[in-house]
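For reference, the structures are reproduced in the following blocks.
Each of the two complexes below includes subunit A, the first together with subunit B, the second together with subunit C.
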Partner chain A sequence: MAANNMRHALFCAIVTLIISFPILGLSLEAKGVNITLSGAKTSTYVAIVLAAVAVFVFQTFRDTFMGALGKLPNFNPLAGREPMEQTKRVKLESWLLTGIVVFALFWPFLVSRGSVDLATLVLIYIMLALGLNVVVGLAGLLDLGYVAFYAVGAYTFALLSQYTGISFWMALPIGALLAGLTGMILGFPVLRLRGDYLAIVTLGFGEIIRILLNNWTTLTGGPNGIGGIPEPTLFGMEFGRRVKEEGNTSFHETFGIAYSGEHKVIFLYLIALVLAVITALIIRRFMRMPVGRAWEALREDEIAARSLGLSRTAVKLSAFTIGAFFAGFAGTVFASKQGFISPESFVFLESAIILAIVVLGGMGSQLGVILAAIAVTILPELAREFSEYRMLIFGAAMVLMMVWRPQGLLPVRRIQITLNKQG
Partner chain B sequence: MLEVKNLSMRFGGLLAVDGVSLDVQEREIVSIIGPNGAGKTTVFNCLSGFYKPTGGKVIFEGREIQGTPDYKISRLGMVRTFQHVRLFTQMTVVENLLVAQHRHLNTNMLAGLLGTPSYKEREQKALDRAAYWLERVGLLDLANRDAGNLAYGQQRRLEIARCMVTEPKLLMLDEPAAGLNPAETKELNQLIVSLKEDYNVSVVLIEHDMSLVMDISDRINVINQGKPLASGTPEEIRHNDDVIKAYLGEA
Partner chain C sequence: MQDLLYFSQQLINGLTIGSAYALIAIGYTMVYGIIGMINFAHGEIYMIGAYTALIAITGLTALGLAWLPLILIVALLCAMLVSSSMGWAVERVAYRPVRGRHRLIPLISAIGMSIFLQNYVHLAQGSRNIGFPALIEGGFNFSADGAFEMSLSYMQITIFITTLICMTALSLFISRSRTGRACRAVSQDIGMASLLGIDTNRIISATFIIGAALAAVAGLLLGMYYGSVDPLFGFIAGLKAFTAAVLGGIGSIPGAMLGGLILGVSESMTSGYLSGEYKDVVSFGLLILILLFKPTGLLGKPEVEKI
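Coming up: the complex of A and B.
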């Protein structure tokens, strides 16, 4: 046994050396037209050897380490606590949600412009995650190309404003509806697919949209993106120093206050907040409606659902459409916030982050999703010094979550219904 | 009300159902029995639209329905249970019954979002119907439990209740007594008879428990290796030589 482990460990260490030496230990340098091969610094070689030793040690004592990892759940700070009583938890959660919203309303007036800007981004992610939650959490359809609908919303606004000079408020419903329509169209071909296959195809769709945006240079400007996207107005009042659109007035002049760049940021934040709350309320409502129950039924058992008269086509398409609709919402806000968009904002990593928020939050739970969106967006900002290790920390957090709370931060709680006894 | 003529179903080289015919009248309990692998479940799958039969006709209330998609068949008033219970396990017991009443609800999304009176009224009716059937199968106290946490016998009863809230005309039960203890089987027996007598539902029953079958069936169809072997009243079947041979002779 031990000898066996030893041999395996030695093998792993050698593989580590073979792989890392050429990658880290050698470097190609361009000298004029020629390329020369040179060695790296001594410290790099030391690091490579140390890494090989670490691999060797770990593999030799692998069983011990893995055994310890298995005990990890015992250190879970939350382990061993009684789950809260249902009714109590319902009350607490709704208080908490109201509290968060009230706090969020006043908060921008207390902090810096940068924080408000970041908070707007958090709200956009909350909208996205709540929308994706419909598709993944409720309907159980693993969609890895969700960012495509976000892009549709953003580009709809950008293009319409560029070609027709449309305002934010007009673009908001149009962007959302177009994104919803795209969701429905993309939903058709994947109706029969489940699980992994669905994930792969939706991943492909996401990439197709991004590549299309990148290459259709005449319309979208390709990698250069589109700029000059207008900010929202408040009843025809603009927040810029000078009025751009004819017929509009400017906010600071109307109210006779000094111009400040903060007004604009705070206003956009408040719009995002209102939209995020609306999104949450609508989806919350959907969950208690026939359509929401149909989504979940389809996730739980498609065959049983069909045997009870649910049409797979209608149920799946409605989930895709509604999920995409809210992504379009978020996309329009994003375009307005940035003032400039390019395909770079809609890469696969975005889809992955939104999905991570949904999973971390506990599929289907709204408060969980909100907390996870805050954590995933803000933590990397707080840990700026570690920004190189961002993905590493992110990954480690995911692993710990899966060990400690595989059901997510706040797993869904079922809606309790009181029945009247009949006859 | 249901007439099946010469039904056959082929899977590649295997003829799982071969020329099976049966008919079901209003308020009648008709059983399908046969050894394991005889093709009983396959017959159900053809009737309920999960498979498109490779031959024969299925006529329900004067309409040919073979090849109609599954979800449309249940809307006609033919619903089924499954040999292996299929509940929406992570949803509560009531929610299971609400999903089943999808057709009776106001599914207009705008109406739901706004909470119009018509929407609320239908939602309440659905809840009342759910409460009624939960009471009927003795699960009312467990209404807000997750369906997956119920005991096996309770899950079986919930599955039947879930069919009944759709207000079907014909109920197809695939081995409803499998895994039940004698007391539960007896309750099930009474429930099925009451469905026929009190709710005017016709029942097609697949069952291995002979005492249950003999007790409550109006007529029995025996199939063996996909082929119809005999049909008749319980008394006729009990004394049919072919049936006795199929069940005992080869043993």
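Coming up: the complex of A and C.
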């Protein structure tokens, strides 16, 4: 066994060297027409060798390590305790959510403009992730083209404002409904497909939408995008220094305060916050309604759910449509926040990030998804020097989550009711 | 005559791309045939193959090696070695621990791996695309009356011949060798195969290694054909190859070859007669249509869901 282990360890170490040395150790540089090869820093080579040694040591003493890991005392202080009581846990979770919302309401008045802007983005991601959570987490349909519905929402607003001069508040329901409709139309044929095929088809669909946006230059402006998207107004009050549209008044004049660019940023943030809360509440309702139970039932066991009389198409379609609807919602807010959109914002990577949020948060759990959205968006901003490693870490985290904790960081727990014994 | 030449030109271009797609598609189809998962990171393995080949070619040229066939063969071997090690490692790290769980879990793990590998190369080699030297130049030109010239470049011939050699070798390997027989057994019934004493883990690893090695060959060929590589090089090609695998019937090796050729030709016909921008739309549209109306593909076997 020992010799066998050793051989395997040696093999693993050599593989480590092979896969890391050429890519990390030798870098290609284009100099004019010629390409030259240059070596990396010495520290890189040292790191490669150390990695190989680490792999070797770990694989040689793998059994010992794994044994020791199993014997370690559990550091989690909550491990020994009984799981929290159901009612108590639900109450705690809703208190926590309320606390977050109340905190979020007052927070923008205390911090800088940049942080509020970032927070608006976080809220948009929260909306997206909550919507995708319905599709992936609850209904178990892996949608890799989710960003397409986001694009539908954003482009609906952008195009309508360009051609008909529609306002944000009108565009919000239209964008969301149109995205939902797109989801329904797309979902109708594809939802018969099995899980992994569905994933690929939705991915293909997302790419098709992006290519269309990129090439239909006469309508969408192609890669140049659409600019000049209006900002939201508050009962006809605009947040700019001057009123752009006839009949509107400006916010600072109405209230007799000095103009400040911050008003607009904070207002957008508050809109996003309200919409995110609405999204969370609606989806929370759905989860407890029969249709929400049906999603989970179908995810857990399709054959059993169908034999109990659930219509597969109707249930899946409802999840898909609702998910798409909220993506459209988020898309409209995004278009309004940026003031400019282009197909660049709707690439597959965006879908992957939203999926990563849902996966990290624990598929199906709302609180988890919200926390994950905050973490995934804020962490790279906090650690700027790590921001280029962001996607690398995302990828690794997705793999590790699937290997160790496929249920996510904060897994959802079934709502259950125990009946009291009747005397 | 003119139209015929134009048509044949598109056909040649399509078959060239298609045969390279077929090489990548083999990796998807073999893995799917055995463990029923979509190896989403396969496109990245192909991209790494292309990068390694370029690194090897640059290095060998810098060392003063001048004989072209030797450079190409050494580069090819290097690319195959690195890619197949990568394929092996990816399976070991990301897929083996999640094997047998719910269908979506390995898929998400594979997507994570794909993102990871893309950024690994991006960080190590930069995000800009790097020119791939055209080592094989020239070709045959045919023209009717001097107006439109149809050309068949040596590069295209190289792609055909290399693909043909790889496919023949693979077919022989699968049908004749002991490991190949074990591969077929495992893809038919993994439980039964392991009862009969086949080390299924070993066979699954072998599948990943073979698929990755063929992808590396495609990486070298297509990198040279397109003339540049970048870290996103594998994503679209991987999707196309997956389409090819599904088109031919996923799980079937001859199907992957057929699917690759059909996809390549339909793509080049689109760019030749409609517009180059929409060729991706056509291949994804094709994928969606096949999955909707004939999910088993052209040569695939229907999958029966057992309760």
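What we mean here is this: the second predicted complex is superposed on the first by the 316 of 423 C-alpha atoms of A that agree within 3 Å, B and C clash if a C-alpha of one lies under 4 Å from a C-alpha of the other, contacts with A are read in each partner's own complex, and residues count from 1 in each chain.
The definition used in the following text is that a residue touches a chain if its C-beta (ideal position, glycine included) is under 8 Å from a C-beta of that chain, and two chains touch if they have at least 3 such contacts.
Keep in mind it's a predicted model, so treat the numbers as computed, not measured.
In the superposition on chain A, A:Ala13 makes contact with neither subunit B nor subunit C.
Contact with neither subunit B nor subunit C is seen for A:Met127 once the two complexes are overlaid on the shared chain. Judged by the touch definition given at the top, the superposed model places A:Arg285 against subunit B, while subunit C stays out of reach. Once the two complexes are overlaid on the shared chain, A:Leu26 sits against subunit C while remaining clear of subunit B. After overlaying the two complexes on the shared chain, residue contacts for A:Leu212 are found with subunit C alone; subunit B is out of touch.
Once the two complexes are overlaid on the shared chain, A:Ala396 sits against subunit C while remaining clear of subunit B. By the touch criterion defined above, A:Asp301 lies against subunit B but remains apart from subunit C after alignment on the C-alpha atoms of chain A.
Look at A:Val201: by the touch rule set out above, it reaches subunit C but stays clear of subunit B. In the superposition on chain A, the residues of subunit A touched by subunit B in one structure and by subunit C in the other are 303.
Only residues 37-38, 48, 51-52, 54-56, 58-59, 62, 78, 81-82, 85-86, 88-89, 93-94, 97-98, 101-109, 111-126, 128, 130-131, 133, 235, 239, 242-243, 246, 275, 277-278, 280-281, 284-285, 287-288, 291-292, 295, 305, 307 of subunit C touch subunit A when the two sit together in their complex.
Interface residues of subunit A facing subunit C in the complex, by the touch rule stated above, are 15-16, 18-19, 22-24, 26-28, 30, 33, 35-37, 136, 140, 142, 144, 189-190, 192-197, 199-201, 203-205, 207-208, 211-212, 214-215, 303, 348-349, 352, 355-356, 359, 388-389, 391-392, 394-399, 401-403, 406. Subunit A contributes residues 282, 285-286, 289-291, 293-294, 296-297, 300-301, 303-312, 414-417, 419-423 to its touches with subunit B in the complex.
The part of subunit B that touches subunit A in the complex is made up of residues 48, 50, 70-72, 74-75, 79-80, 82, 86-92, 94-95, 98-100, 102-103, 105-107, 109, 112-113, 127-128, 130-132, 134-135, 140, 143-144, 146, 162-163, 166.
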